[in-house]
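Each chain carries a letter (A, B, C and D) given by its place in the written order, and its residues are counted from 1.
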Amino acid sequence: MAATPSVSVQAEAFDTGAEVAALAAGRTDIGAVVSFTGLVRDLTGDLEAMTLEHYPGMTERELTAIAEDACKRWPLDGVRVIHRHGRLTPGDPIVLVVTASAHRRAAFEAADFLMDYLKTRAPFWKKESHRNTAGGWVEAKAEDDTDAARWEKGKKVQK
Amino acid sequence: MAATPSVSVQAEAFDTGAEVAALAAGRTDIGAVVSFTGLVRDLTGDLEAMTLEHYPGMTERELTAIAEDACKRWPLDGVRVIHRHGRLTPGDPIVLVVTASAHRRAAFEAADFLMDYLKTRAPFWKKESHRNTAGGWVEAKAEDDTDAARWEKGKKVQK
Amino acid sequence: MLILYFASLRERVGYGEETLDVPTDIVTIADLARWLSTRSEGHSEALANTAAIRVARDQVHVDFDAPVEGAREIAFFPPVTGG
Amino acid sequence: MLILYFASLRERVGYGEETLDVPTDIVTIADLARWLSTRSEGHSEALANTAAIRVARDQVHVDFDAPVEGAREIAFFPPVTGG
């Protein structure tokens, strides 16, 4: 049975442990659960807040499409994606991806893929406000496109 | 500051969410936390229990060596490894690996590496008892050696 | 047709959405962007550098050469930065 | 010297550890395995197929050509199956 992905876009925080537990609850055919938690990072000590704008409607649609794509590429038993929007402060969790599979490689690769695709396709935009310097919109990274391109069909991937 | 890995070998269950939270607690320089949870799998419906034997002393030493190796290979801010021993039943968590880093790729690759190395180097042995058929020691998989070989120096990795 | 702007584009235009009657000679999204640029200085600034703009047609990523006809909503935004 | 057996090897030998005075002409771990094989039928069965046996010298993975001299403990076990 192919997994039906569960996707949420919300202002509220999430509980990584509860989501990991929920994906495997009551099942004995899942061997591997991988979670990725993304947090607001403040490398300079100057970040006051990070505000995430998104495109309601398209965000849910795009996250679901990415998750369904992952379910086609790997034998997954569960996929959970949560992405927050609104105002967050350093250390706050922003995004959660959880994958469950009978196989460890599938769970790892699918979570990795989901994050790469989410980073380049999900319509979210981050704006930083700093304490002592000008804030502004976060620029997209070319590195994220390179990461996502790893999963394109026919491309061989080298680490 | 390089991470100091934390390693536990225990009979007791663990709490994935609490471990993920602990690794990032009070810090604002961590952007990514990846967790891998391994569970007892029962694909045939015939598995009664899985008993894990290990080599006390060497187990802790080997897990610590693997975690320290990961800290040398990737810029990690935290590594947590928990491996259970004793009698477990289907659906029970066996192993937890959590990695934290400023960078998503580092956290993913280090967790993936830790599991591959742990599978081939940590002195644990699984014995299955079945309800209706003969149980016995689980055979090592050649696939695990192949997975671990991906990380050997000088080897290019293809997915 | 509903036209949407997000993030820095929304700020430059001054608002996030507008409903417009698009002339029938507007064929592609590139045409639409050029036509929208004439509406105000903010629109012109927001839509000047198409290399740095992404487009969605009815909430699906498309290129600038995608057709406008039949769309319910078309959104313009900078490269995404979620995750 | 402390000799340890784990998992299926422990079951075949009949116990998990023994402390032995190893003769001085035992140079490598391969020599040690051959010498231990003569101790009982269980030892012989357990240590027959060296291709399917892994060894640790003082809790560190080593090959069969590693030296025995100076070791506190040497462990024999099947390929590991944790994780």
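In this text, a residue touches a chain if its C-beta (ideal position, glycine included) is under 8 Å from a C-beta of that chain, and two chains touch if they have at least 3 such contacts.
On a predicted model such as this, the values are computed, not experimentally measured, just so you know.
K.L.:
Treat touching chains as neighbours: how many steps, at the fewest, connect chain A to chain C?
P.N.:
Each step joins two touching chains, and the minimum needed here is 1.
K.L.:
Counting only C-alpha atoms to place each centre, which chain is farthest from chain C?
P.N.:
Chain D.
K.L.:
Averaging only over C-alpha atoms, locate the centres of chain A and chain B and give their separation in whole Å.
P.N.:
22
K.L.:
Whole-Å distance, chain A centre to chain D centre, using C-alpha means?
P.N.:
That pair's centroid distance is 48 Å.
K.L.:
How many angstrom between the C-alpha centroids of chain D and chain B?
P.N.:
Once rounded, the distance between the two centres reads 26 Å.
K.L.:
Please set out, as single numbers or ranges, the residues of chain D touching at least two other chains.
P.N.:
In chain D, the residues touching two or more other chains are 83.
K.L.:
Going through chain B residue by residue, note those that touch at least 2 other chains and give them in order.
P.N.:
Correct list: 38, 104, 115.
K.L.:
All pairs of touching chains?
P.N.:
Result of the pairwise touch check is A-B, A-C, B-D.
K.L.:
Would you pull the chain C residues touching chain A in the complex into a rising list?
P.N.:
Counting only chain C, the residues touching chain A are 4, 6-8, 10, 56, 59-61, 75, 77-83.
K.L.:
Of all residues in chain A, which touch chain B in the complex?
P.N.:
For chain A paired with chain B, touching residues are 15-18, 20-21, 24, 26-43, 45, 47, 90-91, 102, 104-105, 107-109, 111-112, 115, 147, 150, 156-159.
K.L.:
Looking at the complex, which residues from chain A come into contact with chain C?
P.N.:
Touching chain C: residues 38, 52-55, 57-58, 61-62, 83, 94-95, 115, 118-127, 137-140, 144 of chain A.
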